[in-house]
Amino acid sequence: MNSFGRLFRFSIFGESHGPGLGVLLDGVPPGISLGAKDFLPDITRRRSGAPGTTPRQEADTPLLESGCHLGRTTGAPLLIRFENKATQSRDYEAFSQQPRPGHADWTARVKYKGCHDPRGGGHFSGRLTLGLVAAGVVAKKVLAGVVIQARLLSVGGRLDQEAAVSEAMGRGDSLGGLVACRVDKLPPGLGEPFCDSLESLLAHLLFAIPGVRGVEFGDGFAAADMSGSAHNDCIVDETGRTATNHCGGVNGGISNGNPLAFQVAFKPTASICAVQDTHHFGHKRVEALRVGGRHDACFALRTPVIVEAAAALVLADLVLLHRGPC
Amino acid sequence: MNSFGRLFRFSIFGESHGPGLGVLLDGVPPGISLGAKDFLPDITRRRSGAPGTTPRQEADTPLLESGCHLGRTTGAPLLIRFENKATQSRDYEAFSQQPRPGHADWTARVKYKGCHDPRGGGHFSGRLTLGLVAAGVVAKKVLAGVVIQARLLSVGGRLDQEAAVSEAMGRGDSLGGLVACRVDKLPPGLGEPFCDSLESLLAHLLFAIPGVRGVEFGDGFAAADMSGSAHNDCIVDETGRTATNHCGGVNGGISNGNPLAFQVAFKPTASICAVQDTHHFGHKRVEALRVGGRHDACFALRTPVIVEAAAALVLADLVLLHRGPC
Amino acid sequence: MNSFGRLFRFSIFGESHGPGLGVLLDGVPPGISLGAKDFLPDITRRRSGAPGTTPRQEADTPLLESGCHLGRTTGAPLLIRFENKATQSRDYEAFSQQPRPGHADWTARVKYKGCHDPRGGGHFSGRLTLGLVAAGVVAKKVLAGVVIQARLLSVGGRLDQEAAVSEAMGRGDSLGGLVACRVDKLPPGLGEPFCDSLESLLAHLLFAIPGVRGVEFGDGFAAADMSGSAHNDCIVDETGRTATNHCGGVNGGISNGNPLAFQVAFKPTASICAVQDTHHFGHKRVEALRVGGRHDACFALRTPVIVEAAAALVLADLVLLHRGPC
Amino acid sequence: MNSFGRLFRFSIFGESHGPGLGVLLDGVPPGISLGAKDFLPDITRRRSGAPGTTPRQEADTPLLESGCHLGRTTGAPLLIRFENKATQSRDYEAFSQQPRPGHADWTARVKYKGCHDPRGGGHFSGRLTLGLVAAGVVAKKVLAGVVIQARLLSVGGRLDQEAAVSEAMGRGDSLGGLVACRVDKLPPGLGEPFCDSLESLLAHLLFAIPGVRGVEFGDGFAAADMSGSAHNDCIVDETGRTATNHCGGVNGGISNGNPLAFQVAFKPTASICAVQDTHHFGHKRVEALRVGGRHDACFALRTPVIVEAAAALVLADLVLLHRGPC
């Protein structure tokens, strides 16, 4: 389904080229100051515009349809909507006959019996992450005092990111990217052993972001190559602070009060200008496909704020579980 | 919480040194042939005994307490219990004063106000994965026809695994490991965009396995360094088969009918023989700690069957969601 | 929270005097024909206008914001919104000082720390049931072939309902009412023993309708006064048909294929014209209160279609659980 | 499914004539004093023995298999098991051919394809309520300070209950009964508008008790016959206390701090000695059926403690949601 959270629950909806998209938040504590302007910084960070991002420009003005009164949350469900205006729907139906490699055209056709909205990726579009980012803004308010910061580490494996993107665009190609996130001032005791481990919940929502292929905590995959003497974090004082942070701030599924640290791998944008040979279901043979439309050459550039939002949504739920909703 | 699944739901319980442990399964379709002997192969794979695994030996005989009648599942909740017999509880209480590095001693103390059962790790023990494996056996039966195979790729970064473990044991140290899992003959259409993406659900449960630090699908973290032209999988025939499988069998959160492929990174065993300097909360200073007890030098050796179980539990739920419980 | 359902899940949102209200549906099967006109019959049944109902008139035009494409559901979340236009917000803030008897003014103030939207009852308003009715329209489409019919049995204990309402209005008073619902052609096998019994799920959602004070199945409360020989329903043929239907179509929490029958008791409208003596929290004493605004003298008149919607939402979820979403 | 609760969740399992039955509790706060003797008073209240109750006598000794250490809860899942010993399994298979009127034989056969355990009602047995009662004991401990009291109001519509039962037994018949429950010292603010209203959650679990046919709050069904001026409860002081309690302690789905009051209708025991004419699926005709076995002539006699347990389970979850788990 399109929902997540136990006490602080969000549900996303919408399509890339339909009337709009957004998010419905339930369990928002009452009394949080909230207005359209609160969303601007994060929405701006997510917005396209930099080289390597899509030329599609939307106003992305959040409409607070319910759950707010006199500039504060009321405790009732909070609906945040965004309208689509700059849509240019071409013949996306063609992709149901010749599904684009790396996209959900084929799986959507199988799952929804061909009834899905194919325009601009429909419900599968990365544009839906706008709802996530909006929800994340509210979650960050719930988490007042906790500091969540994600940043792009590399693009296509390179640290000179602008040059890498520029070269890829020149080739009509796209690039993946690596994002690191760090959360400071998180209280210890969040998460549970096993099914609701802190890593489980974070990974659940991080893998809900389109294009994520890997999630790791602390040393992550490098830990598989390490010895215990190198990986263990020794506690150095009575606050539980550790000298190192190989575990990324989690032991036994529960936050330990040290910085929470994780990395997220994003695949390259599936839409590329280069011609690809792929099956045409109507013509029953492999044929050349050229994918048009407006796309990011490296959508990973826009993802740090989305990663922050996903983390904030999980953590806000856990903090409310921990301290009660009031 | 300790439960997972929408239609096919399991709940684990138990402690390492208490009366026992096990799993409660709800939503098991009726009429599945099931007896204690069905559990032996997977329980044997999980069992210790090889060099590098703990010397603790338990019979691990599954007790089917409910939900079975005349050798078949009834559709009612299925309780599978295992008794603990080979326990050697020493003074684990000491670890609440001087928490073991890399363990949950400190976070458990914070979360449970010092009331948790510390013996052998209590509810945090890797022994609890026995319940997961048992649940996985039932899930695999629900998935009749689907083939799930996990294997250890490397230990401590080395392919000569036996030698690596032997050397680590000689140093009183431990090692992490890398596990790959592949699922064949999975129907397309499983999973959903966003919050219940196939990757989200799998990662959720994989990160519930103690010691997992990373999960990646298909090319995973390598995808972050790739270009779209190298990562995209072109479809080559009318069944949706792709020439390559960089995406690991999932597009848009939904299985595409190609093999599902993912990797899981396990950290090194936290318990090592070497002395570690870590804080003593009673004495209020850093002191040397020597961790005794019986442990795996590399618990990753025992994890492939646990990874399979976690995958089977997620996939069984999705298959039942897909086709209805009957 | 404001959501319900496992496979077919709805979430309501909105306020009586805010921008609008509506419902978000997740898990709607793809390919269902759906347009604004499909909602008219049930919305009309719910609408006010008859003697005894509120003079407030809203257009109640459903806006399908997502999840529909080319006149069919897509399988993605379906957002249905209604705008509020005919609002007349007076000084509802006064009610936080002197809560209206029978209303949620006092409990809302306690729960939401005084941050709730008090205008017209805010999120507590019976107007929110418009979202339920809209969701019910979709649910009824999922249940094609199943016939759900609710009707008003009595008002204020009288069968001459129009006269009863007219007399109550003359006294500045209000009346409760009793609604019966019958569902025909429901397949057997829906529901489960214990926690997800058919009665449990139906009662859960029926008691979510504002003003419901009682729910009973089959003979209901009368069964408490009966003997087993009078209450048992004997099966008379190979389809499971019973000669009588004292149990209301459910045995052991599972539908038995006979008509599902239940009754719902609605309390009288809390807003009455008569003066009531109740505590003024600001003045710290009991004072006379006269409640203005536009209200139903008997909102039960408008509830049969709401009862049908609640039943349809539960049953649609169960039917999808039973047969799979496709 | 067989689970309920968001933060404090129980799952029941077991069969009447299998190895045993019980309950798994998750989300139990750590540090609650708990031992086998704590269960005795409520288990004794539920136990048979009085005239009109089944002659089957079980020791009903609770086995605390996990989640307890040194006489206190640990915060880990709590498994409470009961063994079946006094079983007398006769040919219950016959009932799959000629389903007993008023029982779940027919619906179980349809739902579970004939694979259910028919002995003594299997998973449908009223004996499963022993697990509910045990869970309720833990819930009541979570609710320290809240007073829950249920009592039998009438049997077969009569207040002279012993005589009524005795007469029914003499006729080989059975009787239903009416139970009232009152909860004092419940904090205001529990429950939510709409889907998780206090009434919704309570009714959900009350209707999970086998044999419940009706649930009403406050004046309940009588409210449908009342006028608003008679039903409204006026607040008389600054604590929110009301002069009357027609609403039963709930406004807008939220507890108002006054006593919570509700009634539950139980149908007559389905098993009666009298011969019943009902369909024989094997012989394809209506035939006389005489139901043997050991049964309650009026199981309602044993239900007040079960009603209390159901209420306690719902309220404990809400209290933990309200104040946080710690």
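Order of writing sets the chain letters: A, B, C and D. Residues in each chain are counted from 1.
Here, a contact is a pair of C-beta atoms (placed from the backbone, for glycine too) under 8 Å apart; a residue touches a chain by one contact, two chains touch by 3 or more.
This one's a predicted model, so the numbers in the text were calculated from it and none came from an experiment.
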Note: of the two pairs C-D and B-D, more contacts are counted for C-D
Chain A-chain D contact: same residues or different, taking over half shared as same? same
Centroid-based (C-alpha) most distant chain relative to chain C: B
As a multiple of 5 degrees, what angle does the CA superposition of chain A onto its copy chain B give? 180
Rounded Å distance, chain C centre to chain D centre (Cα mean): 26
Roughly how far is chain A from chain D, going centre to centre by Cα mean, in whole Å? 44
On a C-alpha centroid basis, what's the spacing between chain B and chain D, in Å? 36
Can you list every residue of chain C that touches 2 or more other chains, as numbers and ranges? 1-3, 12, 76, 111, 123, 193, 326
Touching chain B in the complex: which residues of chain A? 1-4, 12, 99, 101-104, 106-108, 110-111, 123-124, 128, 154, 156-157, 168, 171, 173-178, 188-189, 192-197, 199-201, 203-208, 210, 212-238, 240, 242, 247-248, 250-257, 263, 265-272, 274, 276-279, 281, 284, 286, 300
Report the residues of chain A in contact with chain C in the complex, numbered from low to high. 1-3, 9, 11-15, 18-22, 24, 26-27, 30-31, 63, 65-67, 69, 72-79, 81, 111-113, 115-117, 119, 122-123, 326
Of all residues in chain A, which touch chain D in the complex? 6-7, 76, 193, 321-326
